[in-house]
Each structure stands twice: as structure tokens, then as C-alpha cells.
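Next up: the structures, one after another.
Two complexes are shown next, each including chain A; its partner changes from chain B in the first to chain C in the second.
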Partner chain A sequence: MSKEKKKVTEIPIGPYHPLQEEPEFFRLQVEGEKVVGLEIELGYNHRGIEKLSESKSFDQILFLVERICGICSTSHPFAYVNAVEDLAGFKIPEKAKYIRTIVGEMERIHSHLLWLGLAGHFLGYNTVWMWSWKYREPLLEICEKVFGNRQHYAMMKIGGVRRDIDISKGNLIKKGMEDLLPKLDMLQKAVEDDPVIRARLKIAGTLPKKEAREYCVVGPTARASGINIDIRKDDPYAAYDLVNWDVSLRKEGDVYAKTMVRLEEMRQSAKIIKQCVDKLSGLKGDIDIDIKEIPEGEGIGRHEAPRGEVFHYVKSHGGSVPYRHKVKAPSYANVLSDEFAVIGGTIPDAALTLAAVDPCYCCTERMQATDEKGRKYSPKELIKLSQEKTEEIRKKQAK
Partner chain B sequence: MSKVFAKSIWVYHFAASPCNNCDIEILDTLTPKFDAERFGVKLVGSIRHADCMLITGALNSKVLPRLKRILKQAPEPFFVIAIGTCALDLGVFRGSYNVVGPVDKHIKVDVYVPGCPPKPEAMLAGVVKLKEKVLAGEKKKGVKKL
Partner chain C sequence: MKETLDIIKKNFGKKILNIKVHNKKRIYIEISPEYIKSAVEFMFNRLKCRFSIATGTDEREYIEILYHFSFDRKGIFYTLRTKIDSKKPEIETITDIIKGAKWIERELHELMGISFKGNDDLRNLLLSPDYKGRKYPLRKQ
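Let's look at the complex of A and B:
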């Protein structure tokens, strides 16, 4: 080892580590307390969703994409139906638009509360964990009463929604939102007023605007760094352009800003849901359209999931199954930004910073290509491999 | 021994490529509303401290060697609860190239909790079932096919 290159200690975190809910592997390189490098290894959750979906019919895929991730279990179907409707040019009824929006926003609230609790847990502040999960419980109860399940609601359907919302249950939703707001204030105070928590959150994992742009982060992670990006405003779908709401923005880019952005987003979501319920009560008509077949073509669908932009691409050659289905989850961009945010901090802050982007490894899981000896392929080698493969296919088709 | 054991089952949570939903419902079971801790159930960080493993997910080829390695560190007696449809019979992931489950093809499972995701009540029922098993004196004889 050369003299310039100092000896670094490596700390492995994972794949099965007490701090993590999901299996993932981080290699922290440290000098004393200071983190100088980070390597991320994924693949522990890879289930081959894209390949599986090529063997399922368009309607069955909804249930598959729902199970990409259990926390944002409406985001993936939402983006998928957007993609198929874009492909086929379907227009959905207004009622379905509002119901979709309600489901999407309910999910955002419970996902952010879940994150807040886990962030408290990573801080060693288990009270926040227990409290925020306690206040998440009434929301799940509403979900169960209105959508039929605590998670995995299966509300989305190509061309509309699967179930109507009973208007009498509308008041239940509204009351749930009213009850939630004071709890959010309380949680905000718990984070804001506690000097220790504040101090910990303020110094950890800063991601400035420039770096945030370079890493292409999305969702609350980007909005906490001052990037005004929100698919719901930039490219409105469902009923997001029919209701009144604001994007929550912060400039600092640290974990504190990310927390505040998410708290504000929950308030905005409550606002959206209340407006949607009001508008829904005056509406009559169908909740879906009749669909005979999905034509040939390709389409994209986007949805602002709790973690950021979910992107689905569907290509159809006619028939009942898609030719290609591509999924890009928000954590795919966000997790990589850890590389910047963790370096320079201390080891105890690393765990918090890694959790601050609200990573979902189930969503973002990719296959890792290795040769027989277990050596990883570099990106250049992978591109070469893919070009060779394409060439092979071309030759076959030419014959 | 089994009487004392049944009152403090410490659990270790192993995510074998799940969709996260069973996992958050497990955590939900531990938080104030369902409060599994009143049955003496406690979530621990390492399998070396645990009496029981909660395993979720469809088990993919990358996780399987890790699962076997971790199970070798488990103390005796040791129990396994499989949670969720994927762990039981792969559910929607059946047919995938990377999935090698279901779980009981590789290790011995004591209690099955079906559902997608199972409700916290179902998980509590699973824990109670395990307690009954322990009280009845059923001992684990090591892990199958290791």
C-alpha cells in the first residue's frame, strides 16, 4: 500500500443487521470515527418482478406490482395503471380520479409516519417510534374499513378503480384526518423542541442542492435540498390538478429538513384527502370503464410515491401479456446519494443518514451480475455484454 | 423449563426477500396497539439471543446461504415461525428465476401464519400457538437439511 493511501478500517453493516428491517449490505470505510467511504451491495431482495410480469396478464400484473413493496403498495399499481392507460389512451371517470387520489394520499401519510417512527428508532429515541406508530394505527383501521385491507388495498384497476368508496365512510376518513392533525403538531414539537434530537438531526447527512441535482434524487429527499420537484404538480394525473395544495420545500438538505418536509407533506395530504372526499360526495356515475383489449404500443406512467417518483414503462405487442415492463423505483436514485451524505460524518450518524432518505430496498432491488468466481462485472463490462447479446438477437432475427 | 420458556419467547426477524409488508406488520404487532411484549415476546437484534425466528418472504438464491449460516448460530431449543403467503407457498412470486423457496423446503417450520400480509391479530395467534407447542413439551430437534 502506498504512503498516500492511508490504512482504512472497514465496518460491514448487514446483510442481516440489528438496525435494518431489510437485508442490504453496506461497507463503511472509516478512519477513527470519521467515515471516508461507502460501498453498497444490493440483491438480497431480488425476486425478478420485471421478468415475472412478462408472464402475467395485464390485470394480474396489478397484484404483482402491488407486492414490489408493501409500504408503498399503491404507488406501483398507480404508476402501472397510468402507464397502461397512456399506452391505450383510456380516459378514466372523474369519480375514479378522486378515489385514486384518496388511496394514494392515505398511503403517503402512513408511510411518512412509519418513516418518522423508524428515524426515531435509529436515533435511539424509541418513544417517537412507539408514538408515531400508535398514531399510524387509526389510519390503517380506516384503510381496512374503506378499502378492505390494512395494506395491499388492491384498489387500482386499469380504467378506473376496483371498489367505490361508500359516502358514509367518507365522514370516517374526514374525521380520521381531523384527528391526525393535532398528533402531527405534537410529533413536530417532539422533534423541534428537544435540543438533543434537534442537534443530532441538524448535523447529520447534509446533501446540498448541487449534489442533490447531480445524484438525481427525487421526492422528499430532493425537496429537502431545495429542488422543487413533485410529479403531482409537474405532470398532474388523477385528481391532483383538481384540488388545492402546496409542495413543501426546504433548503438545508440535512436530516432535520427531511423530517420537516415529510411532516408538512402529511398535512398537505390530509388537506387533499378532505377536498377529495367533499368532491366525491357530490359525484355520480361509474368508477371504471369497460376494457376489451390492450392495443399495441408503449406507454409510461409516473406517480409521486411517498419516497419520490415511481416510473413504469409498459410495451405491448397486442395480446394479453406485455412484451416489456420496466420499473424504476424512487429509492434507486435516493440510495446512491448516501454515498455523498455519509462521507465526512461519524459512524453513529451514518445509520441515521442511511435511513434518512427513506430507502426501500424491496422497490429498488436489482440483480447483480457476477461471473462463476463471484467477481462483480463493472458497468462497462455489463454494457459490452448487453451489446453482444443484442447483436446475437439481431442475427437470430435476420435468419 | 418449558413453562418459563413459554413466557419469554425472544424473536429474531429474518427478511428472506419479502415485500416488506409482513415485516412492517411484525413491527406493528410490537407497537402499542397490539403490544406483543405482554406475552413476553421481544424483538432482538441477533439470532444468538433469540428463541424463535420470524421468517418472511419468498427466499431467493442470494439469501439462502445466509439463512443457513445464520441458523447455525441459533441456540437450542429453537423455533421457526413462517409469516405470510410468500414464506408458506411463494404466492405471487411462484415461477420467478431467482426464488428458491418456500421456506419449509429448506428448514423446519413450527408455526405457519398465512395471509398477505397476515393481520397483527393473526401473528399474535401464531405466537400463542407456539406457546402452546412449547408448553406441550414439543422440542425442536435441530434444523432440517442444513
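Let's look at the complex of A and C:
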């Protein structure tokens, strides 16, 4: 160990992150309150997906890659189908393009709301957390009604989509978007107007444009540092070039900019979804093409997931399984940039900065509260129960 | 697409062994391993491409490394392909040019057994630190 290293104190965060509840290990090196170094250790959750993929058929892989991540459950299948379609040169029907886009954007909105809630929680501002997750819930309900599940929709298929969207549910989606917009304004105001949140986010974890490029960061992390990249605009796929929308961009590179970029992106996603639903309602035809086999060759597919570019490379030597399947998730690039962004900040800022790139979470767990007889509680009853419990605690403390 | 490809061709000259235009957005350029570093530097620093990731494939007779560069302004993927000896897989590091390549070199080292000359931090990234077996998980049997 060098003399330099001897002087610093090391604060271990992990291997199971106490706040993010994820298996990753950050070793924060500090001098007093100031962070001077960061070492990141990964691999606690390595599942060997690429190796597994080599033993599965092209169709089965869809179900495997859907399980890489719980929150961007459609992003990996999206990039994977793009890769196989690039390999084989398949063109998908227009209807499938719109359906794919709707699924992708619904996921972006609920993922960003999840992040915003967690950011509020990390700040110690739990109102933002509760609001954000409260307004995320109706979106997941729409996902369940329209795609059949809150997460893991299994909508993607090589050559199209697996199921059509019942267009009578189009109004449900559109109403969900209409209801969401004022809530986004409210959340934005909460972040913009509150001097404490603003001050807290403004200085934390700045990643300048130069470093953002060196670390090859993607998604909102890059766009908050003034790098104008968005796969949906740069290399359009599905229906992203058939609808109007804008890329949200900021220059500051701090956590505040990352928050604003994500808030604006949700508005744009709502705009995209509404246009797709409109276009879909007048559209007739197939939702997929008939595929006999995947030829020999190689293909690259990508998708702008909520966290940035998801990359899939598929190589086939003929036959029903791929010879090589490479996967890259956006956090692979974004998390590494933390080793620059936390330096010079304070310890509490570091905790926030490490969360600001939105490292991937699994949110597939869901619960249904029932009483002893198996009767399900309604949301109203659950709120009532919660209030009664709070009152009970209050009375106990008063004594 | 053509203009950028012409610039690449002009700069790389005889270093290019083969060019495969899969479609107008996906171009694969094969380069011999000794020139890969200068090619990566050109793609990243001069053309201002974004390094997306590298893929290693065990093709049995040789190991293939693909460096995927995204030319975001035009939405094109330029992939540099290089083939190295599978008995002694060694290539120069690119981490001094691109910091974002630190993890993928560690990953290719542990899963494929590729050595990166000039990279002194090739600790295991995904596998356990004490996994130092001779079997590399992503090599074909």
C-alpha cells in the first residue's frame, strides 16, 4: 500500500447496499468529510446470462433476457429483437412498431417515477417519494390491464409483437397520460421550488461533458451533461421516427440536471404514447411476420432504455441457437462514471450521486394483502388500516 | 454514411483487411491486431465516436474481438473487428484512450482469457476474486 493510501479512511457501503438494496460494493475513501476516491466492486449478482443464452433457442432467449432486469423488463427483449431483426434483415409490420413503442415508453415513465421517488427518499424528503410512487401505481395498473402484467409483459417477439393491444383500452392509456401530466408539474415544482431540495441537488455529483464522454455514459446521465444522444432519435427503430417528440437535454451535469431531464422525458413519453394510440386506432393488419429460421450472420440491436442504451449483439453460425450473444446494460457505463462524479463531494452527497445514475433495480415483487380468510383488501381499506395503525402508535406514544 | 466511411478508409489505408457493410447503419471493419490501438484512437478522438462495448468471441481457431463504436450523429455503428491467436490471446489495452473501457477489459480477461498489454488492473470483475482457474467460462469447449 502506498503512503498516499494510508492516510485515507475507507467507508464500505455494501456488499449489500443498505439504501439501494442491491448487491454492489462501494468503497468510499474519505479525508474527513471529503470523498477522495471510490472503488466499485461488482459481480455479486452475476448470473451468466450470455453463457446461458448460447444454449437456448432464439425464441427462448426472449424470456431469458426479459429477466435480466426487473424494472426495464422490456428493454432487453426490445434490443434483442432489434439485433435478430438486424441480423436477418426482417421488416416488422407497422402495427407492431406502434405497439412496441407504447410498451417501451410506458416502461420509461414508470421507471423514471420509481427513480424520482427513490431520489426523494435518499434526500430525506419522503413526500416526493410517496407522491412519486403513488402516481406510478395507476400506470402499472394500466400495464396490467393492457399488456397483461405489471412487469414482464412478454410483448416482444422476433418479427413483431406477441399480442395485439385491445384498442378499446386506448382511451384508458390516454386518460392515464392526461392524469399524469399535472402530477409531473406538481413534482417538478416540488423539486424546483423547495430551496432545500434544490440546494441539495444543485451541487451534488457533477459529471462534466468531457468526463461524460471519456466514461462513455449513456441515457439521462449523458443528456444531463450536455451530450445530445438518444438512440430513439439517432438510430430510429420501432415507431420513434413516425411520431413527434423532443430529446430533453441539460448542460449542468449535476443531480438536479439529471432529475430535470427525467421529468421532461416523462412528458415526452406521454406525448409519444398518445400519438401511438391515435395512430394505432385506425390501423389494420398483422402484428408479426412469419419466421421460419434465423440465417447465419451477425446483428446489433439497441434500445434507449430508461437508463440509456441497451446493446445486444447476436451472432449465428446457422441452427436454432446463437453462437454468441453479447449484452450490455446502460448501468455498465453509467456506474463506472461515479468514480469521477463523487470525488471532491461530501459523504452524504456521495450516497445521492451513486443513486443519481439510476443503477438498476428489481421491482417485480408485488403484494396482495388478504385477511385470514383470503379476502382481498381494497386500496381504500388499506389506507384506513394504515390510518388506524398510525392513530394506535400516536396514542401509545402519548402515554 | 459514405463520407465517414471514406474518411476511415483514407486514414486506415492498408491496415484494413476487410470491410463488411451489413446495411447502411451497421459497418464492420476488420483490422489486424497490431493496428487496433491507433484505429481505436482515431474512432474515439478524431471521429468522436462513442465507445459502446467490446465483444469477445471464441471462434476456436482464433479469438475475435469486436470494438463497437457508435457514431451517434448519424446513428451508425462502426465495429472494429480483430482476430487474435487463441493459444496466446493478447492485445494492447485501450483504457488509456477510453476510461469507459476499464470494466470490459477486465471482463474479457476473466471470461475469455484475453490479456491486455499495458493494463495493470485486470482483477476479476464479475467472477469471484479467487477464481483463477484455467477454464474461461465463455471459451468454447
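One rule holds in what follows: the second predicted complex is superposed on the first by the 353 of 399 C-alpha atoms of A that agree within 3 Å, B and C clash if a C-alpha of one lies under 4 Å from a C-alpha of the other, contacts with A are read in each partner's own complex, and residues count from 1 in each chain.
The rule is short, and it goes like this: contacts are C-beta pairs under 8 Å (C-beta built on N, C-alpha and C of every residue); 3 or more make two chains touch, one makes a residue touch a chain.
None of these values were measured; they are calculated from a predicted model.
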- Query: Overlaying the two complexes on chain A, which is it for chain B and chain C: clash or fit?
  - Reply: fit
- Message: Contact-wise, after the overlay, does A:38 reach chain B, chain C, both or neither (first, second, both, neither)?
- Response: neither
- Task: May I ask you to decide whether A:273 touches chain B, chain C, both, or neither, giving the answer as first, second, both or neither?
- Result: neither
- Could you say whether A:235 touches chain B, chain C, both of them, or neither, answering first, second, both or neither? second
- Give one of first, second, both or neither to describe whether A:207 is in contact with chain B, with chain C, with both, or with none. neither
- Task: Based on the superposed arrangement, let me know which partner A:48 touches: chain B (first), chain C (second), both, or neither?
- Result: both
- Which holds for A:150: it touches chain B only (first), chain C only (second), both, or neither? first
- Message: With both complexes overlaid on chain A, does A:324 touch chain B (first), chain C (second), both or neither?
- Response: second
- Between chain B (first) and chain C (second), which, if any, makes contact with A:92: first, second, both or neither? neither
- Message: If we overlay the two complexes on their shared chain A, which of chain B and chain C does A:68 touch? Say first, second, both or neither.
- Response: first
- Task: Minimum C-alpha distance between chain B and chain C after superposition, to be given in whole Å.
- Result: 7
- Note on the structure: Residues on chain A touched by both chain B and chain C 43, 46, 48, 51
- Task: Write out the stretch or stretches of chain A touching chain B in their complex.
- Result: 15-19, 21-23, 43-49, 51-52, 55, 63-64, 67-71, 73, 114, 117, 129-130, 133-134, 137, 140, 150-152, 360, 362, 365, 367
- Message: Going by the contact rule set out above, which residues of chain C touch chain A in the complex?
- Response: 22-23, 25-26, 28, 50-53, 55, 57, 66, 68, 70, 72-77, 79, 98-104, 124-128, 137-138
- Message: Could you list, by residue number, the parts of chain B that touch chain A in their complex?
- Response: 13-25, 27-28, 31-33, 44-46, 57-58, 60, 62-63, 66, 70, 91-93, 95-99, 116-117, 119
- Of chain A, residues touching chain C in the complex: 42-43, 46, 48, 50-51, 86, 89, 213-218, 229, 231, 234-236, 297-300, 302, 309, 311, 313, 315, 323-324, 326, 328, 332-333, 336-337
